[in-house]
Each structure stands twice: as structure tokens, then as C-alpha cells.
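Consider the two complexes below, in which subunit A is the common component and subunit B and subunit C are the respective partners.
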Partner chain A sequence: MKVNLSFAEHSKVPILEVKNVSMTFGILNVLNNVNFSVPEGNILVMIGPNGAGKSTMLKLISGLIPLQKGNIIFRRKRLNGMAPNRIALLGITQLFQDIRIFSNMSVIENVMVGSHFNAEANLLSSGLRLPRARIDEHRLFETARRHLSLVGLEQKANINPTSLSWGHQKLVGIARALATGSQLLLLDEPYSGLSGLEVDNLNELILKLKNQGITSLIVEHLTDILMGIADQVIVLDHGEKIAEGTPAEVQNNKRVIDAYLGSGQPAKEERQ
Partner chain B sequence: MSFSVQDIIERTRKISPVDARYLAVGIFTILIMIIPLGAGAFPNTVMIEIGFYSIVTMGLIMFMGFAGQISLGHAALFGCGAYISGILTTQHYLSPWLALFLAACFTGGIAAAVGRVMFRMHGLILAGITLALNLLFFYLVSGLSDLTGGAIGMTNIPPLSLGQYTSQNILFNYYLLWVIAILLLIFSLNLADSRFGRALRSINTYDGGSEEAAQVLGINIMKYKVWVFILSAVYASIAGSLYAHYTRIIEPNTFMIQFSALVVLMAIIGGRSSPWGAFLGAGLIVSIRQLLREFAPMLIVGPTGSYELIAYGIIMVVVLLFLPQGLFPIIKKAILKRRPGFS
Partner chain C sequence: MDYSIALQLFFSGLNLGSIYTALGLGFFVVYSVTRVLNLAQGEFVMLGGMLVVTFYTKGIPLVPSILLAVVITSLAGAGIYRFIIFPARKFPGMTKVFLTLGCAFIIQGIALHFWGWEFRSLAAFFDTPSIQICGATIFGQTPWVIGATLIMVAGLFVFFGHTIQGKALRACANEPLGARTVGISIERMALFSFALAAGIGAVVGALITPLTMTSYSMGLPLTAKGLLAAFVGGITRVEGVILGGLVYGMIESITAGLIPWGNHNVIALAILVGGLLIRRRGILLTAGKG
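Presenting the complex of A and B:
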């Protein structure tokens, strides 16, 4: 039975569910029984001090680290044991903190890698440059150009990405991720190394993507930047979820303040 | 209507990267085709040797330069082509052309089977495995004397023929080999500029790629590594079959680690970022070897074979120190003056 949902109802349907996920590296407990869900079309921000387990959580979702315990479900499909490339084909793409731009190809070729599986030409037709391969190349090129245009870098298509500013390289990374047809973007500290203006531009882009129905899960430790755009915030500390809610709710949470400022801070304030 | 040289240069600059690629191949083909017209038998023999090495090195460049994998065992793949062609034609009396085709299929099949296991490893371990495979191949062909002729090798391998021409004729062999080399060059250049080539470059961790980044973009890195290994094996096998039908004698020592090291050297010197590097590397190394063979005995008394190895060592160190990307990027830059998009 097909059910038509309103926008408000639609935004409550989880695109991703993380259930009882735990992770250990040797004797180190990196994540401990973490549960949360990401509603479709929302911007969920995961914050926490360094070493809280945020980046590990992203790698578990994208499949780069095999899941040890618990379940990760994307659109009712379990991702446990699935290879990263298969997870990407389902519609989840990760953007790394250090971007990992392919410096051995141009900006547009980087984005074309993102949409490579939308092509049908096999090895032989590509090598012989048969009509099918030429049509594919044209389509991939146009798709890549459209995504570069979305992030405002169409004019930089033919240059090497390493000659771009760090902020522009991040945008190439996002265009490359979008070219996969991603429905859920996993952004690992996307604001690191950006100037004030670049932060504003990135926020604007993330909101633009939200309006197009793309869900974002952002991991960050710079909390102030994100409070304006986040629909929901999750706080991790030492591998445990210590708070969840709207930005305003989380900002006033005592455990969150303790985690960020140290438990001695309120006591000091009380003495004063 | 007349054009100045500047006009012609400007017009040439405006052509698309694909057209520029075909233009470069066209000029190269013309050069290759006219060389025998003015050269004697000796230069043609040297050019044939360059052709064999170029084909193997081209496959290696796709494997090593594009995909960032390491192989120290390409002599085994070259040898597979040579021995399978030899066995099928001398013991089963198949047509040399059919033998060449079957050898390429069989070698590709071996590469597919080995690759699936081999690519669970990375870096030095992978290099070690390929080296071990080369040794294994050497001892297999030396040991299976009923099939391969053992240490003595195989003789009387029939030549390739086309109508009245056979590959015993130097000129016929020259054109046959170089037509195949140029067709494989076009195939490699097209592939480099396709989604296959981009996927390979994306997993090249030694030259700006990232396996993790490629994986999260949906690239099945194991599949691409195995495919490029198969392709590289097929190139080596074609060269091996052509070699067997040209020399008509093969023996295990030809397919030892020295050959594998030599083609790696050619790929590094020529430039591993483009199939063109194979021709530059093979051309330079074979020419230096011929010059040393010619002039070293005049200058030094006694056996001079080891001087080649010393020369290779010096060239390798100099290139890695001063031209880590090899000769091709320098030449490309000089010719095209930073024209983007040309592979």
C-alpha cells in the first residue's frame, strides 16, 4: 500500500538508523552502544570532543570500517558487512576531513569519477571508443559540469584541483560526492581550515542541498558554526551518546557543558 | 590565402584533446612507417626489439602508472604468451595467429585467477608475490621438459605469416609488430581517457589517488585491479607470442627477473603517467644497450655484458632524482606548452 506523506511527516521518516553500535580497537572502547536515527531531508550534526568516536561512526556507516556489533540500516536495508562501494551505490557518500581529492586528474575528472557507475560502456568499448563509450563520456561530462555548477566551480573545470584554495577543494569534494547520486552525505569536519566567508558559503550550500531533499550527517567539533543550520544534534563523548535534541536543547545540557568545558568549570562559576 | 607559422600553432592549439591525441598518434605512425625506408637491416632489428619491449611496458604502465600497483614479474606473463604459442604451434600444429589469440586468452585467465588472490595484498608484499610468480614460472618451464623443452627451450616455432609474407622477413615483422604496437597504443590512450582510466587513477595511492576515497564513490577497487592486471597480462602475452614466432627459439632464461626489472626501468624512465612513456623508455634503454654493445668492447678489454647493468643503474638513479615522473611529462610540456586535457 502506497502512503502519501506530507513534508513534515516525510522529514520524520528515518533515512538512516544506527542501533546498538559498539566498536573496540584492541582494549580501547571507541563506541559504546550508540543509537540514533537521521530523518530524511534533515541536517543532523554529531558533535563531541576529540576522540569521542565521531569519525569512527562515519566510517562504520560508509563501510570503511567493518561493523563489529549492532546494526546500521539505510532505507530499511541493513548495511552490516557490506563493502563501501556497494554502500555508495545505495546512496551514501562520505566526504573526508582531508578531502582526498584526486590530484592526478582535473577538477571535472574528479567529479566524473563520482558518476562513473552511471555509464554502460565496458572496457572493450571504452578502449575502442565505440559510440556507446562516446555517449557515456558525454553524459558523464555533462553530469559533472552540472554538479560543478551547483557548487559554483564550473569555471575551474579543467584545472588541477590542488591549485584551488582549500575551501574550493572541499566544494569539489562535495560535487564529486553528489555526482554519485548520493541521498545521504556524511561530512567529516567539513569546516576545518575554512575562512569565515567559506564557512558561510558551505552552510548556504548544505541548506541548498537540504531543499533538494539531500540529507546531511555532519561531524564537527566546532559547535557554534553549526547550530544555525542543524535540525538535530547528537553529542558523543568517550564513545557514548550523552545528549540528543535540537541545537537549543543540547546547548543547555549540563553533560554537554561538562564534556566540552570540563566538570570543574561549573564548580568554578559557582565559587565566583 | 597564406598562413604564418604562428597561425598554424594557434589553430593546432584550438583542437580538442581527443583530436590532439589522434594527431600525435598519426605523426608517430608516419615516423614509424618511414624509418625502414631509409634504414638498413640492423636499425630495423633494433626497432623490432624496441617494439616488443614497448608493448610489454605499455601494459605495465597501465598496471603500475595508472593503477599504482607493483609488478616485478611481468617476464612470466611475457613468457606465458611465448610458451603457449610455442606449445600450441609445435605440438598441436595450430595456426600461429590462433595460438597468439589463445595464448592471450589463457594468460588473461591466469591473471584473473591469480589477481583475485594477489590483490588482497599491497605494496612490498604484492611486489614480493609477483617476484615469486616470476621465479615459479621460470622453474616450471625449466622443469616441465616434455612440454617446454626444459632448460634447452623450444625450437622451430613456426613464424606468423600473412599471404606470402612471414615474420622471418625483417621488414614484414617490423611492420606487423609496429602496427600491433600502435593499435595497442590507441586502445591504451582511449582507455586512459575513459571512466576505466579515471577509476584506475583514483585508486593510484602513489600518484594522487586514494583507495578509500574511490571506494566511497562506488568504485570496486578489487575489480579494477584485477581487470588492469588482466589487460596488462594480455599485452605481455601478445608481445611474448610475437617474440616466439619472430625468434622461433625460446628458452627459460629470457623470461627471468632481469626482463621484469628491465620493463619496470623502461616504465619509470619513459614516464608511467601515459602509454607514450613505454615507447620513450623502451627506445632509450634499447638504444643505450646497443650503443654499449657497440662501443664498450672498443674501450674496455674483456667481457662487457655487466656494463649494461651498471649503465641501467646509473640511469635509474639519475631519473629518479631529477625526473621522478620520467621523460614523458617533460616532452609533453615542451611540445604542448601546458595544453590541458591531453593524455
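Presenting the complex of A and C:
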């Protein structure tokens, strides 16, 4: 039986559940029995000092590191042992700090590759440029253009992405992720290397995507720029979750103040 | 120099250039997707040639013989990836290159076991007669070599440059992690590239057997020449492979025409190595780029 949920109820349904996840590298305990869930359409920010295990958590979710212990569930489907490309096709896309853009093709081709699995034409008809293949590629081209338009890069479609600014390259990465049909974006330190204006633009885009129902899980240690957009904040320290709640709750949490926010200075210094 | 001799050297260079271009295409396909230099590529050429001769002499018509050889050789290529390269996928690139060299010797040994050391040959496709133009002779097989190479070049150019699947394949080598996160299976693409390269190798084997004959030991010299030609032009672009192949073919033809005492191979290779030392990223400056 299909149940229709209101927007408020819908936003409480977890799109992602992380249950009892632990991870060790040799003798180093990187994550220790971490639990959290991400409601659909929310912006969840994971903060913590360097070495807290934030990036490892993202890689476990995207399948780039095999899960050792615990469960990761995306829309009621267990991701344990699943290859990264299969996880991506389910609707989870990780965006790296260093973007990993395809430098051997144009901006729009980068985005089109994101939707390659939507190509209906087979290899033979594509190779022979049969009408069916051309129609198919035109469809993918138009879809890619829409995604570029969404991130504000439609005018840069035909240039090589490496000639763009760092901030624009990050937007190409997001457009490429959207082209995969991603419903959950895993953003690993997306603000690193961005100017003040680019940070504001990125925040605006993440909010725009939220309004379209796309969930974001952002890993960052620049806490001040995220508190305004976060629905929920999780704080990791030495591989353990030490706090969870709204930005205001987390900012007033004593353990968080002691472990990370208390110093106050690092975040602002790093941004400068 | 006599005009007809110059023309003969040109036609011969074009023929050799087409062969080296076609050889280079196999390296291009695997390198573009996996960044692995497949040193077994010459063995696919040998295998294709041997299989075509075997099928054809058993009474199977030429075209089905070639198709069968292409299918079997492609399966061999896919098998090499699946059972030898794939298990070593997390090893450094050089380890994989040496593994392909090991595969080359294995294929060579199998070929020696099944076909012996004798050279085998075929007549020109469909007994195409030689053509005389202004005193120069074009061997009957040459138009087939040039035509088939042109078709393969055009096909790969369109496929890698203008189709979404081709771009997804190129993305694998350019940024493997980025490719994975947009749902591309690097392993599946690599398997496809090995099978495609092996199939191209089999076509080359069929094409050159009427010209050079084929034997179990012909693979490694072809690997060396094809790889060098591809690097001289620029291995990451089809245009580079064509350029490298044609340059090498022309140099070899001219040195063979001007130096009668039989050292033309050494001289041609020396010129290419010298050129590569001066322009280490190839004529098109593409080495290291995707």
C-alpha cells in the first residue's frame, strides 16, 4: 500500500542510516561505533577536528573504503560490500575536496558522462552515429545543459574545466553529480579554497538543491559558514560521535566546546 | 632518384604506416582506458593471423575466418584482463605492464605448441591483383590494409571522441576515482578495452599475413614497433597514433630504399628513439594527458 507523506513527514524519513559503524586502520581506531541518520531533503553537516574520521565516514558511505563493521542503509537498502559505481547508481555521489574533474573533456561532456548510464543507444548505433544514437546524445546534452544552468555555468559549457576558477570547477562537479540522478550528495570539505563570494554562492546552491528534495551530507571543519544552512549537525572527535542536534544545540554542547568549538579560533583562521 | 622508385617508396611507406597505425590503435585503446601499456598486443596480432590461416585452410571462407579469429582473440584479450590484470588491479602500473609481458610469452608458447615454428601465409584478400602506377607496384593486399586501417581509425575516432560511452571510457583513465563516483565500472570498461584491443590486433594479424607471413615469434617485434610508433605520435590521441604510424612507416620505407645492406630497421628505430628523446611527450605532446 502506497502511503502519501506530507513534506514535514517526508523530511523525517531517513534517506541514509549509519548503524554501529566502526573502522580501524591497523592499530588505529578511526571510527568507533558511530550511529546517525540523515532525513531526506535535509542538510546534515558533520564537523570535527582533523583526524576525527569525517572523510573516512564519507568514503565508507560511497563504498570507496569497504565497510568493516556495522551497517549503512540507503533507502532501506544495505550498502555493505557494494561497489562504489553501484552505490553511485543508487543515487549517492561523493564530491571530493580536489574535485576529480575529467580534464580531457569539456564542461558539458563532464556532465554528460555523469548520465552515461542513461544512454539508450547501444555501442554499435553510437559508433555508427545512427539517428537513434544522435537523438539519444541530444537528449543527454540537453539534460546536461539543464544541470549546468542550475549551477549557473551554462555559458561555460564548451570550455575545458581546468581553465575555470576553483569555485566553478566545484560547481561542475556538482552538476556532474546531479546528472547521475544523485539524491544524496556527500560533500567533502566543499568550501576549501573558495573565496567569500564563492562560499555564499555554494551555500545558495546547496539550499536550492534542498528545495528540490536533494539531501546533502557535508563534511567540514569550517564551522561558522555552515551553521546558517545546516538542519542538523553531527560532531565527531577521535572517531566517536560526541554530539548531534540543531546548530544551536551543538554550539552550546559542552563536549563540543571542549573538543572543538571551544577554541573558536581555528575555523576562522583556516577560512582566512 | 628515379621518379618510379620514389613513388614505390611512398606506396611502401603508406602500407607500412597503415600497419603501424593499426598496431598502435590497440595500444591506444588499452592505454586510453587503463593507462597500462599492453605488451601482449603484438601477440594478439600473431594470434589473429594464425587463426585466420588455420580457419581459411580448413575451408572456411575468408570473411567468416576473420570474424571467428576476431571473436576468439577478443575473448583471449578479455581473459587476460579478467584472470591476470584484474587480480593485480591495485598493484602499481609497472607491475601490470610486466604482467602483460608475461602474457605475451605465454601466448607465444601456446602458439608454438599448436602451430609450430613454421611461417604461414595467405594470398592477398580475394586474390586482389597487384596494381602498376607510373612504374611503381602496389601489392594487392595494400588497399585492404589501408582501407581497413582507415575504417578502424574513423571508428575509434568517432567512438572515443563523439559517443557518451567512449567518453565514459576515457574518463576511467583520466580520473578513475571521479569515474567511479558517477557510476562507471572501471573494471568493466577495462575488460572491454582489452577485448576491443585484442579484436583490433586480430584484424591487423589477418591484414598483414598476406604481406609478411605469420609465425609464433612475430608478436614481440610488432609490439616494440607499434608501441614506439604510437608514443612518437602521441599515444593518448587517435591522431597521434596515425601520425606516429605514418612517420615510422615512411622512415622505414625510405631507409630500406636508400640503404640496401639491410640495416634499415635499426636505422628507422634509431631515428624514432632519437625523435622521442627530443620530444618526449610525442609529436602531438599528448603523453601523460588523457
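As a working rule, the second predicted complex is superposed on the first by the 260 of 272 C-alpha atoms of A that agree within 3 Å, B and C clash if a C-alpha of one lies under 4 Å from a C-alpha of the other, contacts with A are read in each partner's own complex, and residues count from 1 in each chain.
By definition in this document, a contact is a pair of C-beta atoms (placed from the backbone, for glycine too) under 8 Å apart; a residue touches a chain by one contact, two chains touch by 3 or more.
Computed from a predicted structure; not experimentally measured.
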Will subunit C clash with subunit B on subunit A after the two structures are superposed, or do they fit?
clash
Touching A:Pro84, do we find subunit B (first), subunit C (second), both, or neither?
both
Now for A:Gln94: first (subunit B), second (subunit C), both, or neither, which partner does it touch?
both
In the overlaid three-chain picture, which partner chain does A:Val13 touch, first (subunit B) or second (subunit C), both, or neither?
neither
For A:Leu28, using the defined touch cut-off, is the partner it touches subunit B, subunit C, both, or neither? Pick first, second, both or neither.
neither
Report for A:Ile159: first if it touches subunit B alone, second if subunit C alone, otherwise both or neither.
first
Pick out the shared contact residues on subunit A: the ones touching subunit B in one complex and subunit C in the other.
62, 64, 83-85, 88-89, 93-94, 96, 100, 102-105, 109, 112-114, 116-117, 119, 123, 126-127, 129, 133, 136-137, 140, 176-177, 180
In their shared complex, at which residues does subunit C touch subunit A?
155, 158-159, 162-168, 170-171, 174-175, 177-186, 236, 289-290
Using the touch definition up top, name the residues of subunit A that touch subunit B in the complex.
62-64, 83-85, 87-89, 93-94, 96, 100, 102-106, 109, 112-114, 116-117, 119, 121, 123, 126-129, 133, 136-137, 140, 158-159, 176-177, 180
Subunit A-facing residues of subunit B, complex
187-188, 190-191, 193-199, 201-202, 204, 207-210, 212-221, 227, 231, 273, 340-341
Would you tell me which residues of subunit A are touching subunit C in their complex?
62, 64, 83-86, 88-89, 93-96, 99-105, 109, 112-117, 119, 123, 126-127, 129, 133, 136-137, 140, 176-177, 179-180
